[in-house]
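Below are structures written as structure tokens.
Two complexes follow with chain A in common, the first pairing it with chain B and the second with chain C.
Moving on to the complex of A and B:
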């Protein structure tokens, strides 16, 4: 499909990128303290402004916007790749239960460290990754029916896996901390309290994950014709699926262990990217990343500035946008 | 017909489970540029045979040698440069354009770091031309008619640029006009492009018009083989399909056609 913006994309893309940078800077203005746009610009180019505002911009909001952008980008790329290789328009790290698995792994790791005193096997990122991978595999094997993955069956098994791991997460939290409030962060996500080290970790993981998937964009194209077709085009299907499961679990678990579960981003964004730029994964993977980044940063700006003095969990905002899109795709796909 | 035999099947047997053999002792020698049609009732093993040759079903007994090398020792990518498989169902998950789909035929020639190869453009354009798809390049696949969709699938197959095309009931979903028109065009093009074809046909009258050599299968065995005139005999067709039929020669094309008796 040639998308709406595809014609002369070589001309449009630089403007697109420039627009995104401007947009990210604009977002540094919003929050519990409104900082005028010109002050934001001044502080970014190293000019002296009021020191409180400078600290807010450089040490709180800038890493937060970066983490939001990278998390949105990675979740969208995982969604795009999964929709492609599973040949399923509703695939998304949240819907397939990968995020819940990752969150459970992270919570379990923290509990084991704090309360049981385990040193080994309790690194948060590693545990998060292992459980994300585990939940992906469980979802896949429940849905798999003689090599076929019916759309609705995959969604149903995702729902179940999601339920199991979300419940297990809440169980661990209440069991060890005796405080249900802690679970909101993990189950509904939040970008408050991220720092530069989070931003740097996400930069590395996103750069690695997204660029590997971009190299495999032709295989994703082949897979979206069906597994058998992909095989006849020379794709080593089983190995490629495993690669996707591992990469998808990796990217998702890094995000979940930093900002908790943020749903529906990976579902919505790839559809927008395909609508605008066409179905070819060579283009829809990078554009999903850019649009996903902008999408999540926007949602975060809404979450942190419209509900003062508190913040809305970001997963609530993305669900409000994502759920209607999910329903629309489900109805429209099952009809054709 | 003195081209060399390059695809040789010897004592080929296959079973999905331990007990029932779907293919029993198949022996077949195929020459370059042959158009071969496999006919037989449902469950006779036609598609299984095709998938063994395609290298998808690997744990067969006996041997399938292509250019002297056993097919199950090839890497997937090497096979994709020799064999194209055209299945009867083709439904992409997303709304690709015609050109994007035909370009996918070039994937076997690309590597991890190089998503294009020399001559891609020319080969794709030749395939578009051959399948009368000029002006369709930027159309969306899902908006095409069934006949046009088939032509796109075949253009993609030609772009894959392999010696062998395996066809699994390629015209099954088309109405009479579309299926015969498409088949005629494809027969002309595979001759021009010097392809070898092994096709499974449900429509045995079309198989007679399309193919040089017919293979009749029943219960996993080859029960007859040869050019259509030799194979299309009442006792053979009746035995394979459990029918009562009359064979006539097409009054204008001089190829055998099967009429089913109706009493």
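Moving on to the complex of A and C:
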């Protein structure tokens, strides 16, 4: 399947990338406080501007835009890889139970804050990361059959683990009924309040995760033909599935524990990338990353400036913007 | 009581001998906060804090309030959680006031952005007077704060002492019902909540005073209320003119139609913004409730 914008020609990737850097800088001037574009540029090249604006651009918006881009990129890449190796167009990064595991961890941390003094167990980020990993481990052990991972079993156990943890989340919320304002915002995702330490953590995990998945994109191509075919093509199918599983869980749980659960991106962006640039994973993985990153940054700019000074949870925006865009591209593709 | 007096005494000492900037105070999250000079620009990131500032005539220093605040003369900074740090930064406040444990995560974020934060979390009447004095000290108004807190305290004790003398079996049994329509969940104030203290000081017996929940608040079943058969039901309303509707909501619960409070028409609407906010306005509420409990009272 060739895409609309990529028909065998060498891709215009470098131009694409340059455009994206400009776009990210442009996004720095949006927010509840409007900062003129030239001030953004001046502060980025180290010129002195008004100190408050400088703090806002360099210490608040720059890490925020970076985190948005990296999170969007990683979620989309994981979604793309999952859709490829699970051969399921409805797969997304949350299909293995990560989101509800992470949500449970976060809500549990809120509940424990009144009892446990030890910082680790009352820290939302740490707890959600631990439980996100735990939930995928449970999924893995349910699906695991003598070292093999049958795909149907994997998806089904993901569904079950999702169910278990979302009921556990509801239980904790009802039982402790505490500080719900924190947890709702977290459950719908928000980039508010991310700082440089989050950005750096995400930079490392995304760089590692995305480059490994890109390195194995040939294997993903083979896998999407079918497991048996992949085996004939020399892919160690079970080990490759495990690699995808571990990498995907790790990347997603880092993101979930930083910005909460942002839906839609990991499901729809890979489809958009494939529609536009073709189904070859060598192309669709990097383009998914770029589209996903740009998409999430755009949504976050809207979330933080449209209703200012109040912020919207970003999950609402991703669905409101993403669904029509997806429908449009789908229709357009069918026509051409 | 003795401890509170001791605290007051120590504070008086502080204010007499060392009241000059820099001042270091411990806030209600246990953080030591140092003020190098008298703050000139203040963001009140929770409606509770605004009342204290207004009572100390500091309205000219408030530069930002949340959209939940009834004080509208300052810039709107949006939600309590998540807090809008960009907006607050541009207001260039010398100090940001936050409230309670639920904004504790926001305090961390504000500090990372280089802002000075003072968290308040009054949970009893004594806490309220202490918070008033603390804020007075921060703004170099400790004399005014002390005087105000003394007046409020004597007003409160004037009523409370009268109520102390009422024989226990003559005190009205009171139930506070915050009814969530739709789910029919009923929240009430138990031991450890400031409203429980308010009811007791006004001479009432809170029927849920032996029970407690997060911060003293708990949900309660309708049957429990039937078995306790309260003499008075307090119920909150949240907008002017909402009193009738609040009463109607209590009356609509069929299980309760035989309660003494309902038969004798003793359903008292109380301002929801006051009963949910531990600030100095509770003193007036105590006076008002005492009148309702013991002289029929005007609503």
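Operating definition for what follows: the second predicted complex is superposed on the first by the 241 of 336 C-alpha atoms of A that agree within 3 Å, B and C clash if a C-alpha of one lies under 4 Å from a C-alpha of the other, contacts with A are read in each partner's own complex, and residues count from 1 in each chain.
Here is the rule we use: contacts are C-beta pairs under 8 Å (C-beta built on N, C-alpha and C of every residue); 3 or more make two chains touch, one makes a residue touch a chain.
Keep in mind the model is a prediction, meaning the values are calculated, not measured.
In the superposition on chain A, contact of A:87 is made with chain B only, not with chain C. Legend: residue contacts after superposition of the two complexes on their common chain; A:39 is shown touching neither chain B nor chain C.
Of the two partner chains placed by the overlay, only chain B lies in contact with A:278; chain C stays clear of it.
After overlaying the two complexes on the shared chain, residue contacts for A:232 are found with chain B alone; chain C is out of touch.
Of the two partner chains placed by the overlay, only chain C lies in contact with A:55; chain B stays clear of it. By the touch criterion defined above, A:195 reaches chain C but does not reach chain B.
Judged by the touch definition given at the top, the superposed model places A:310 against chain C, while chain B stays out of reach. No residue of chain A lies at the contact with chain B in one complex and also at the contact with chain C in the other.
Within the complex, the chain A residues that touch chain B are 1-2, 83-84, 87-89, 215-219, 221-222, 224-226, 228-229, 231-236, 274, 278-280, 282.
On the chain B side of its complex with chain A, the touching residues are 54, 56, 76-81, 83-85, 87, 90-97, 100, 104-105, 107-108, 110, 112-113, 115, 138, 140, 160.
Interface of chain A with chain C (complex): residues 31-33, 52-53, 55-56, 59-61, 113-114, 124, 176-179, 181-182, 185, 190, 192-193, 195, 304, 308-311.
For chain C in complex with chain A, the residues that touch the partner chain are 67, 76-87, 89-90, 92, 101-102, 105-106, 109, 112-114, 213-214, 219.
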